[in-house]
Structures are given as C-alpha cells and as structure tokens.
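Chain lettering (A, B, C and D) follows the sequence in which the chains are written, and residue indices restart at 1 in each chain.
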Amino acid sequence: MQMIGVGLIGTGFMGKCHALAWTSVRTVFGDVEPVRLVHLAEANPDLARQRASEFGFEKASGDWRALIEDPAVDVVSITTPNQFHPEMAIAALEAGKHVWCEKPMAPSFADAEAMLAAARRSGKAAALGYNYIQSPSIRHIRTLLNEGAIGTVNHLRVEMDEDFMAAPETPFNWKHEAASGYGALDDFAVHPLSLVKALFGHVASVMCDMAKPYADRAVAGGGRRAVETYDIASTLVHLDNGVSGTLLVNRSAWGRKGRIAVQIFGSKGSILFDQERFNEFQLYVTADRATEQGYRTILAAPVHKPYDRFIPAPGHGLGFNDLKTIECRELIRRIRGEEANLIEFDEGLEIERTVHAMARSFEERRWVDVR
Amino acid sequence: MQMIGVGLIGTGFMGKCHALAWTSVRTVFGDVEPVRLVHLAEANPDLARQRASEFGFEKASGDWRALIEDPAVDVVSITTPNQFHPEMAIAALEAGKHVWCEKPMAPSFADAEAMLAAARRSGKAAALGYNYIQSPSIRHIRTLLNEGAIGTVNHLRVEMDEDFMAAPETPFNWKHEAASGYGALDDFAVHPLSLVKALFGHVASVMCDMAKPYADRAVAGGGRRAVETYDIASTLVHLDNGVSGTLLVNRSAWGRKGRIAVQIFGSKGSILFDQERFNEFQLYVTADRATEQGYRTILAAPVHKPYDRFIPAPGHGLGFNDLKTIECRELIRRIRGEEANLIEFDEGLEIERTVHAMARSFEERRWVDVR
Amino acid sequence: MQMIGVGLIGTGFMGKCHALAWTSVRTVFGDVEPVRLVHLAEANPDLARQRASEFGFEKASGDWRALIEDPAVDVVSITTPNQFHPEMAIAALEAGKHVWCEKPMAPSFADAEAMLAAARRSGKAAALGYNYIQSPSIRHIRTLLNEGAIGTVNHLRVEMDEDFMAAPETPFNWKHEAASGYGALDDFAVHPLSLVKALFGHVASVMCDMAKPYADRAVAGGGRRAVETYDIASTLVHLDNGVSGTLLVNRSAWGRKGRIAVQIFGSKGSILFDQERFNEFQLYVTADRATEQGYRTILAAPVHKPYDRFIPAPGHGLGFNDLKTIECRELIRRIRGEEANLIEFDEGLEIERTVHAMARSFEERRWVDVR
Amino acid sequence: MQMIGVGLIGTGFMGKCHALAWTSVRTVFGDVEPVRLVHLAEANPDLARQRASEFGFEKASGDWRALIEDPAVDVVSITTPNQFHPEMAIAALEAGKHVWCEKPMAPSFADAEAMLAAARRSGKAAALGYNYIQSPSIRHIRTLLNEGAIGTVNHLRVEMDEDFMAAPETPFNWKHEAASGYGALDDFAVHPLSLVKALFGHVASVMCDMAKPYADRAVAGGGRRAVETYDIASTLVHLDNGVSGTLLVNRSAWGRKGRIAVQIFGSKGSILFDQERFNEFQLYVTADRATEQGYRTILAAPVHKPYDRFIPAPGHGLGFNDLKTIECRELIRRIRGEEANLIEFDEGLEIERTVHAMARSFEERRWVDVR
C-alpha cells in the first residue's frame, strides 16, 4: 500500500474525531503511509458535502453504500449510531475494505458475532474504537505491570462515571427505552472492560446489580413515562487469571465528566489512574524507603511512548483527540501486517459477551460465567 | 453527676486514645462536667502502673474486675481485644457503670446480642467507638443531605482500604486464622457501615465477594500455612431507603493508609469525602452556573461544628485523636440524658448483623436480606 | 482570500506544532478557509524534503528565502531559533506575507522593534506564538474577571517552572552563554507575561532578582566553565492598573514539567490555574454560603469555548497541540480583518520591553519602570 | 524537677491551645514529668475563674503578677496580645520562671532585645510558640535535607496566606492602624521565617514590596478611614548560605485558610509542603527511574517521629493542637537541659530582625542586609 484511501461514515462526535486522526496521523508519526481522504458519507447529503469540504474529503455521499463501493477507499471508518454498525461493517469487509468501527460492535450479540465472522472471512483489519487504551499513561502502566513493578496483581477496581443523564428534568428519550439496551452497561462498561482487557485479560465471571436513579421522566408531549434502562451498574468480577475486582459505572453521576478511575493492587505496590487527568498516573512501590513511600504522581512525558511523537517536552499534555490519532497509527500498522495495539473484532466480541453476561447476572440475581 | 469518674481498660492504641479524650474533653468543650481519672486496668500490672502514672489515673489494676467494682468509677472505657468486650461490657453494665466500648462489639453475633440485652437491662449508656462519624466534615455532610443540598440521594459508594496486611512476607499470625473472624469484613466493614448508618440508615440486603491476596504465608518456625481469612471484601448493597451502592474494603491495599472514600450521588449534586484528608470534603451542586460547576474542596472551619471548640481559625485541621474527644463529649451528653450523636449498642448490633449477612452472602453466593 | 497558502520555516518542536495546527484547523472549526500547505523550508534540504512529505507540504526548500518568494504562500510560520526571527519575519512582511512567529520576537530589543516597524509598514498580520492564552480555561478565566466574578482584583502571583536545566551533570551548552540572553527570563518569563497581558494588561514597574543554581558546568572536552546565564528569576511587579504581584520563573526546578501556576486574588474571590493541568481551573467565590465556600475544580467543557469545536463532551481534555490550533484560527480571523485573540508584534514588543526592564532591574538592584 | 508547675496567662485561641498541650503532653509522650496546672491569669477575673475550672487549673487570677509570684509555678505560658509580651516575659524570667511565649516577641525590636537580655540573665528556658516547625512532615523534611535526599538546595519559595482580612466590608479595626505594626509582615511573615530557620538558617538580605488591597474601610460610627497597614508583603530573599528565594504573605487571600506553601528545589530533587494539608508532603527525587519520576505524596506515619506517640497507624492525621503538644515536650526537654527543637528568644530575635529589615527595605525601596 503506497497511500491509504480513507472512507468515513458519520460526521458526529466520533466522525470528526476520526477525521482529525486521519488528517494528522502522518504529520505526527512520520513513519506511516500518506493518507488520502477519499470519501465521506452522511445520511443528509447537504451535510455530507459540507463536512467533506471542512474535513478535506474529495467526495461526499448521502448513501454509505456508494462509499463502500468506491475503489479508491481502502479503509472505512464507521462512526454512525450502534445499530448501523453490523450492516455497514459487514458490507465494507465483504467489499474488501479494512474497517475501523466505533464501539460497541452492535446492540445484539448475534450481530456482533456476524461482524466477527465477516472479518474472519475477509482477512482484512477489523478494529474497534477503544482509544482509552492508547494513552501513554495506560500504555506505560501495562509496561509496569509486565515488569512486575507492583509485584503480582491481586485486586482491581474500575469505575466509569459521567453525568450526562443525571438531570432528572431531562425528558424521556430513546436512551431510556429498553430497545436501546441495558443503559450504562452498554454506554460505559465496554470502556473499563477494554482497559481490563488491555492490562490483564478476560473476565471469567460476573455478579451485577443495576439501578435506576429516576423511575420515570417527563414525556415531551405531557405526562411521564417509566424509564426502562439502568443508569447505574455495579459488578463484582473475577478475571481469568484469578484476580478479583469490581467494575462500577454510572451515567447519572453528577460532577463526573469523563471519569474512568482505575485502582490496581499488587503484592509490591499499587497504581492509580483517572481518565479525567489521563496525562498522569500514580504509582506506589514498596521498593521505596519506608519513610518516603507514597503515591508518585507521574506526568506523561516523552519517555512514555508515543507521547514524544506529539510533543518533545514533558508535562505539556495530550488531548482526547490525540488518543484517536495513536489508535489510527496502530490500525495502519495492523493493515501493514505488523503487530498492533488494538482491540479487534475478536476481542471486541469478548467484551460484549461480558456485558451480556453482566446483564444476565442482574436479571437472574446470580453469578454468571462469561463463557 | 457533679464529676465523671472514669475507668479505662486497655492501654494500647485505643486505650491511649480514650485517655487523651477524657483528659482534654472539658478543656476543649468547657460545658461538660469535670472528669476524674480514677482507675486504669491492664493485664500486666507493671504496665498498668506505668500507664496510670503517664495518663494521670489515680489507681492501677492488673485485674479489670477491680476497676469495675470501684465505686468511684462511673463510666468504663473498654479498649481491649474484641473477644474480651462481651464479658467486660456486661460486667460493667451489671455493676451499674456506663460503658464506652471500642468497635466491633464481639466476634460472635450472639455475644453482641447479649451485650445489647445487658445494656437494656441496665438503663446505662452503652456506646461504641465509631469516631469517624464525629468529624466536622461528616457531620456537615449529614446536614447538607438533610437540607437536600444534593437533592434526593440515589447512589452510594464507600471504600475502606489500608495496607497493614499487604506485605506477602508478613508471617502467618492470628489475624489469618478463621477463629479471628472473616478478615477485612470485621476489621474494616463496620467503619463504612457506621458512616452509612450516620448518613442514611440501615442496609437492607447485600451481595458480597471476598478474596485472599495471598493463599498462604510463612510460619515462624518454618514452612507455610494456608491463610483462612479474607483481606478483601466487595459488597453490593441496597439500603432500606431504596438507595443502591457498593461497600468495598481491603486491608492489603498497598499505598492506602487510612482511606475511607465516600461518594454520594443525588439528583442535584454529589459529595466526596476521604478520611485520609478528613479535614476537607468535596461538594458539587447543580445550583452553580453551568460554566462554573465543579467540585468545591471545602476545608473544615469553625462554621462546621464543633471544629470551633478546638480551633477558632479555619483550615488548621483537627487530628484523629480529636474525633475521640468529640465522641467523648457526645457520650457525656448521653449520660446526662441529652440527645447525642453516637452509635450505641442497638445500632451497633445492626451494623454487626449486616457484617454477618455479608459473610453469609459470600458463603452462599447469593443476595442476603440483613433482617 | 479563498484558500490560505501556508509556508513553514523550521521543523522542530514548534515546526511540527504549526504543521499540525494548519492541518487540522479547518477540520476542527469548519468556519475557516481551506488551507493549502504550500512550502516548507528547513536548513537541511534532505530533512526539508522528508518533513514536507510527512507534513503534507507541496514543496521543500533548504533556503527559507525561496519560501518567502513563493507567490503561492500567503502566510509564513516562523519556528526557527530566536536569532533568525528578525531577518525572516521582516523579509516575509516585506514580501507581503502574513507572519506567525514563535516567541520571543528576538534576542535584542532593537531587532524586535525593527520587526514591529516592518509589520506596521506591511499592514499584514504579524502574530506571535503565545498559545497558552488560548486554552478554554484561560479564556474563561478572562470572562470571569471581566464579569467581576471575584470582584476587583488586587493581587497576582504567577510562577513558571520546568526542570530541563536542573541536572547539574548537563554539560555547558549555548544556553549557558551570555550571548543566548539572560536565561530563564528569556525562556520563560514571556509566557507568564503573555497571561498577564491577556488577563490584565501591562506591567508598569519591576524589581527582579536572578540566581544561578550551578556556578559552573563540565565542558565537553574536559574542565569546567562558569555559567553566564540565570536559571532562576524572581520579580516583584506592579501592573498599570495598580495591582501588585510576583512573577517567578525557574528552569532548574526539579519535578516541574510545564508548570505555569497562576493565583489571582480579588475582593470577592480568587482563581487558581496550573498549565500542567490546563483542562481545569479553580474558583473560590464569597457568593457561596459560608459553610460551603471552597475552591471549585472546574473541568474544561463545551460551555468553555472553543472546547466544543474539539469535543462535544466535558472533561475529556484538550492537548497542548490543540492550543496552537485555536491560535491558528485566531490568526485566520485576524488575516480576514476580524477581531482576534492574539498577541501581535505590538503587544509582543511590550512583553519583551518588560523582560529587558526585569534584567536591568536585576543588574542595577533597583525598581525599574517598564516605560 | 519532679513535677512541672504551670502558669498560663491568657485564655484565647493560644491560651486554650497551651492548656491542651500541658494537659496531654505526658499522656502522649509518657517520658516527661507530671504536669501540675497551678495558676491561670486573665484580665477578667470571672473569666479567669471559669477558664481555670474548665482547663483544670488550681488557681485563677485577674492579675498576671500574682501568677508570676506564685512559687508553685515553674514555667509561664504567655498567650496575651503581643504588646504585653515584653513586660510579662521579663517579669517571669526575673522571677526565675521558664517562659513559653507566643510569637512574635514584641511589636518593637528594642523590646524584643530586652526580652532576650532578660532570658540570658535568667539562664531559664525562654521559648517561642512557633509550632509549625514541629509537624512530623516538617521534621522529616529537615531530615531529608540533612541527608542530601534532594542534593544541594539552591532555591526556596514560601507563601503564607489566609483570608481573615479579605472582606472589604470588614470595618476599620486596630489591625488597620499603623500602631499595630506593618500588617501581614507581623502577622504572618514570622511563621515562614521560622520554617526557613528550622530548615536552612538565617536570612542575609531582603527586598520587600507591600500592598494594600483596600485603601480605606468603613468606620463603625460612619464614614471611611484610610487603612494604614499592608495585608500583602512579597519579599525577595537571600539566605546566609547563598540560597535565593521568595517569601510571600497575604492576609486578604480569599480561599486560603491556613496555607503555608513551601517549595524547596535542590540539585537532585525537590520537596513541596502545604500547612493546609500538613499531614503530608511531596518529594521528587531524580534517583527514581526516569519513566517513574514524579512527586510522591507521603502521608505522615509512625515512621515520622513523633507521630507514633499520638497514633500507631499511618495516615490517620495529627491536628493543629497536637503540634503545640510536641512543642511542649520540646520545651520540657529544654528545661531539663537536653537538646530541644525549639525557637528560643535568640533565634526569635533574628526572625524579628528580619521582619524589620523587610519593612525597611519596602520603605526605602532597596535591598537591605538583615545584619
């Protein structure tokens, strides 16, 4: 591949984020192929044209199938609402394109399985948008764990909280319908699970509890309607490697904006991380002298790769969008056939299998084995 | 009562803490009766004499029964290991003394019940040493919750972590034997439960998981022995008032020294607290303008009673021992027949009932109703 | 102007940063003209070609004059070492190009004056790279100050500290020669001064002290040489508006990576900011009830413009490079003739005048009026 | 000395603080003589009697001279307003009593000199109440500095800020009159100077600026009056050992409650401390591996003496009043003729000499040598 032809479906939050990643990945990393922004698709054709102009794409379509049929497109970024992922991803893979699809794979597990099957048939790269695993902090935490910096890990706590659903005055919307899924479990749990996967491996069994902060909400036209989804999910987990832990998510947590708090306890120390300050993490090691043991707040720096590709000075800080650029470069490596730090459809399916096991555990009020 | 005659059993961590509280309570508060340090008992008679001299007690005994029979003693502080609490507390109550007993009440629930029965028969004050509920921060948080400052509370997370058991090299000791109890559940869970009680009320049902970071430990004489207690306990909880939450404890959490982290989420805001920095707490309220919403870090100050009795200037900080002095003053109020902010034997028994329900839940791998 | 033709001189830290800004500014903001990356110049012609390919520039030159003569170039980014700024900027302006030059303007004040004169003659945009003033936090702090959120400001403290010069083992280099300037005063002081300018206005008088942490350093070939520059500069300042304050900089401050700590005190509150965590700031207001007054930690969010152009969700965080993209958009506004939030050559000259006044104050051990 | 007979003059903030220290010092430390609370003096005789009862003193006087003449009194705590210190301290010393006097020594330097002369003539202990130097954190920081943990110190910044004078609505009071002294310089600067003394040694020269946030204030009876004292003082300092630094104080700093922020920079690391969280400090050392260098937040623990005498568990926290108890034990050591960690009249005079040099420096707008 001498040049990467990119197609982008969707132009919302993640569509723009993908566009920025494709635009800047070669400027940042240098060692990747030139990127050609070929085709942008968006249901609204006028909006498609406008965004194509703004994002620098050559062509715009109101129909995503035109994009997938475009021979100049090598890889397709799928950033549409979740229910469209299966059809688009499968069609793209079947058309011989690499796929970079936002998480989660699909509302239904069967659809996610079909996506994986299509990826396997195609032999193409099929990666998911789990960019939180790409931060220099998380990457370095993995290095530390592998080095045994905190000894043998024995316990893990992960929390993910935001407050976009916290206002009781927010009217009933589609995210309150059971058809949208379980609630916070779908919206959030996959992110902590991607970190668990990146740092440790698979979840073996789960025991989940869910809660609704608000039983009903005002309906636009008048009256109130019962909320069918759960903004809160709290899960006891056992990992395959025997480590126990908890995974707590809440999308009605006033004050939390993008919190993903991780606590990792080992036999020789512990590590703390919070996505709201993802340019730093904290390390406690018993190797330090007793009178000076304490959590070190370590700021991301050029020594924490690939921070150095963005900024040669420590403590200056990457942004959320930069994480997607790192992910983009990993995808390009994967397309080349190199080893890459990505969550692909096979691992993504494991994550979704875990989410469904959590939901079943809640419904049946018992521990459930993920596989 | 013109003067309070105090007897103290035990001279370890908590013994000294009680001694300091009795010594300084009138100097701090002014509005309490004079305190007379009458009698100190400690199994080792030489140590008893030494500590009595240091702490300023008039008499010293190697036999705690002599103290309980001392007519000059009005109230008995019991700070011995947990297994001695029932016998001492019941004897003291039967001798017509008020009792101030360190938590937890007793290793066995039946013994705790017997203690409550004795307290009821005696009509005397029978209070437990749950001093974390006494900090100006926690007291003000309760006021805020009662005022509706964060609306209706809908979710709660509490963690209590220390690292005194975290070193895998620590040899097997009595705390690793099943006879000592469940492990972290006994050592720690009662503290978060005292905060839950103080702030919200009772726990209705629980689903607990426990874990052992280290399967076995070296025995002093050579060889290794399987650890029988659990350093980690993670519990899903439902409160009587319908609020859901989690209660996580870990006594092998490297880096944590005296952490009791509380997160309270409501319909109009949230509150954060951590005992490691108990002279402050954080408040987020949606009443603030959108562009300036954020957690306020509020330092304890004279406006947060009874901080003002210790220091007339804000931000100077109380110490751990000061919390016991506040508890001591509440006990004196209770002895006088006034309303007091204390956890007495009846509420203490509810806390221990909850702990036992947690353990049963873990053993039976199912949700258990506390009552 | 239908399309912006960009020339970039220099491909180091700031060269890449400008390239990323030009590459992504239209994708982020939408409302700016298309950007054409026309010409890249770099002393080493091979490196110029390589970077032009990586950054996506059409042409590469080993001679910056070729770039300036390129008729397709409308605006020139100058990111070379400071001593080259005057010649390049003046030539670019005289060739009718807009100029975006990294700070500081020039080592000598006379050269900086010549740059301003050239800018005035040309009528072109002549902006400096003071991107720290562009963060949503700093922009919102300015809004709050203008609204009177903390009343009348009466005191200001600014610190800027890094540790890139802190290792005593680092051999003597050009930054230790007097020819390079004063030291930290040139490297750092201009940044805090840009914030002072953005938030308050000009500095009226200064009293500066400087210090050398290490009197001499090893010379590569052997022996040691006396250090001629000052890593530390501490200055008492009075602003034109009567506000007093301090401005402290240190480039040998172990542990500090990109700290620019600002404390602003007013009659009704105070504001804190630290560039190491520039996605947040702290606000204390006396309008809050006495029992709940405390610093609010406010995370950057879409309500703090133009954060929303990068990310529609709060608390996700911009990166250092994003600040340059915001600056780039301001520059484009300025080129269009619109009002822009920029430090142009006239204000830049005031900043450098202040730096020189600081140095004179130190040399003469007395208060010096800036003008 | 078999028992220490204590006299206390004054029953305000510091009077109570001394009473608590005397009351608990033997309970906490064990290794000190029994303390007998002999005599309390307070201008208002009724209040004297009430406080004597509350604090547990045997006698009460409305006349402090009666206390000084009391043969049962061995040591006199002086906690009255500053202007009374000289007369009381000199009388007590001349009566052969040890003296423990709150800082500062006296409003006038001549009076402070007379106090030192009296102390020298008497041969008695004459200590000042500089309790901030007693915290386990500060004591351990001194140990680290002595060990060379951060190499050779080269720069120092100290800030002390509170907001008790920050409200512009506060009416004119005696602290706004020139007769009360310079303002923040007297109220605050002595505290940071005590830390400088404890950690490093003497100040050699100073360059100070002062400011008034509010030019005038309302007078109780109507009208406004010009404020004569300075709430803000910012000083450039050089220490005897060649270290440079800054010492900034502000008693009108909204949001600051008891801040004493210390930054110490050395050739191998740095140390941070803030009195508002005095149970912790931060250490950065270059001995840590580059990828894990960061500030360690170290919680006070039993390994940081004498924390262990108060609490045997780490991270539980001492309070402000506990610092006075530590100081009290140091005083007792001094009385016994042992080495003690105290600021006595000779060192206290050096501190006040420095304050007066600061004031002169401001008035004369020039650097002033302290001696």
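Details
Everything that follows uses one rule, which is that a contact is a pair of C-beta atoms (placed from the backbone, for glycine too) under 8 Å apart; a residue touches a chain by one contact, two chains touch by 3 or more.
Remember, it's a predicted structure, so these values are computed and weren't measured experimentally.
Simply put, of B-D and B-C, more C-beta pairs touch at B-D. When chain centres are defined as mean Cα coordinates, C lies farthest from chain B. One finds 53 Å separating the Cα centroids of chain B and chain C.
Rounded to whole angstrom, the centroid-to-centroid distance between chain B and chain D, based on C-alpha atoms, equals 34 Å. Listed for chain B are residues 256, 293-295, 299, 301, each touching two or more other chains.
Residues 150-151, 154-155, 157, 159, 166-168, 207, 209, 211, 213-214, 232, 234, 236, 238, 244-246, 248, 250, 252-256, 265-270, 272, 284, 286, 293-295, 365-367 of chain C are the ones touching chain D in the complex.
Chain B contributes residues 140, 144, 149, 280, 282-283, 288, 290-299, 301, 303-304 to its touches with chain C in the complex. Residue ranges on chain A touching chain C, taken from their complex, read 13, 16-17, 19-20, 23-24, 26-28, 30, 34, 50, 53-56, 162, 164, 256-259, 276-279, 299, 301, 310-322.
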